[in-house]
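Quick one: the structure is below, questions incoming.
We just call them A, B, C, D, E and F in the order they show up, numbering each chain from 1.
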Amino acid sequence: MKISARNSMEGVIKEIKKGEVAATVKVEVTKPSTITSMITREAIEALGLKEGQKVKVLIKSTEVMIAVD
Amino acid sequence: MKISARNSMEGVIKEIKKGEVAATVKVEVTKPSTITSMITREAIEALGLKEGQKVKVLIKSTEVMIAVD
Amino acid sequence: MKISARNSMEGVIKEIKKGEVAATVKVEVTKPSTITSMITREAIEALGLKEGQKVKVLIKSTEVMIAVD
Amino acid sequence: MKISARNSMEGVIKEIKKGEVAATVKVEVTKPSTITSMITREAIEALGLKEGQKVKVLIKSTEVMIAVD
Amino acid sequence: MKISARNSMEGVIKEIKKGEVAATVKVEVTKPSTITSMITREAIEALGLKEGQKVKVLIKSTEVMIAVD
Amino acid sequence: MKISARNSMEGVIKEIKKGEVAATVKVEVTKPSTITSMITREAIEALGLKEGQKVKVLIKSTEVMIAVD
């Protein structure tokens, strides 16, 4: 299956915490590839983003999916 | 500033593509840390997720933010 | 009220599971209409998406809202 | 591949509109299954949601992914 | 219509920028009410969040919907 | 730190509810600024959005982050 989500990283589950309906999974990423971010053009200009620049990538936990083969 | 988003990775911008209002930024991640994912408890059981298991992390590009110091 | 969310499906609640702060609702969809997806142009090319093609639509549970009249 | 996203629907692409970096895909869903929604427990009580109730499912286009085999 | 999204603010559109498929809308919020955020319990502890504390609320533009009566 | 998320509002935490893994935080917003929303161009036309129009901004709780200095 190919999927439109542009970001996929392999890793190993380090910890699972289960609530009644929600749960968190911590994955130690072993082979990161390039991360694609879609943001407003305005944000690029406001932050002065340039190719080659060092940045931080932020992702809210509720947006992260887990897949297994 | 500390932020509630549990996932943060440092990297270098490899490519910026600008549309009129949207834009994509590709970031090569250099020092990945552990990724936290919040999913339903049901997904954990349906996929049989276990600590130590090899998995794939998937993140839709529209959910990825960029931060600079 | 009209809302900018492009996807709306009528259905019947089959199951509600309540945690302390989170809860899941399962809805059996009865009259699906067309689903709109906004993705990167790159994903369209990477997957070779074409009009008329059979695909799968994937939506993380945390992104699904419920509305009642 | 199994994925933690709880919602998956098969369908046919009716229309693709491409911008410079963003694009929209309209998918006519042919075999809908049950949709899982994770919301706050407070929302369930504020809306008075009950099993068996008729509701509307709302999903913002930017949250919808496309997958192909 | 009542909706499970817990955050709703009235405002006036100040600017609309249209791309080919994406667009941004800037809304000047006039009567803000309380904002509800669902995050991991871990984030609450990592940030030391307490009732009465002054904080910043952050929301990615792609997550913001617009509704009209 | 500057961040690509276009929406940021200062406020005071009124209530924290903790589940086992998820939690909700209610923030009373004190100095709202303009909210940026990225939606499909189609939604703008379907709702007939115009600069100067009175609208409602809707945000699902799972999309709201909290930051502290």
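Annotations
Basically, contacts are C-beta pairs under 8 Å (C-beta built on N, C-alpha and C of every residue); 3 or more make two chains touch, one makes a residue touch a chain.
As the structure is a prediction and not an experimental result, all values here were calculated from the model.
When the contact pairs of B-C are matched by residue number against A-E, C-E or A-F, more than half turn up again in A-E. Inter-chain spacing, taken between the CA centroids of chain A and chain D, is 20 Å.
With each centre defined as the average position of its C-alpha atoms, the distance from chain A to chain B rounds to 1 Å.
Counting partner chains per residue, chain B shows two or more touched chains at residues 1-6, 18-24, 36-40, 42-44, 47, 49, 56, 58, 60-63, 65-69. Taken as a graph of touching chains, this assembly is fully connected, with contact between every pair of chains.
Contact residues on chain B toward chain E in their complex (touch as defined above): 1-6, 19-22, 36, 38, 62-63, 65. On the chain B side of its complex with chain D, the touching residues are 17-20, 22-24, 37, 39-40, 42-44, 46-47, 49, 56, 58, 60, 62. Put simply, chain B touches chain C in their complex at residues 24, 38-40, 42-43, 60-62. For chain D in complex with chain C, the residues that touch the partner chain are 3-16, 18-29, 32-44, 47-69.
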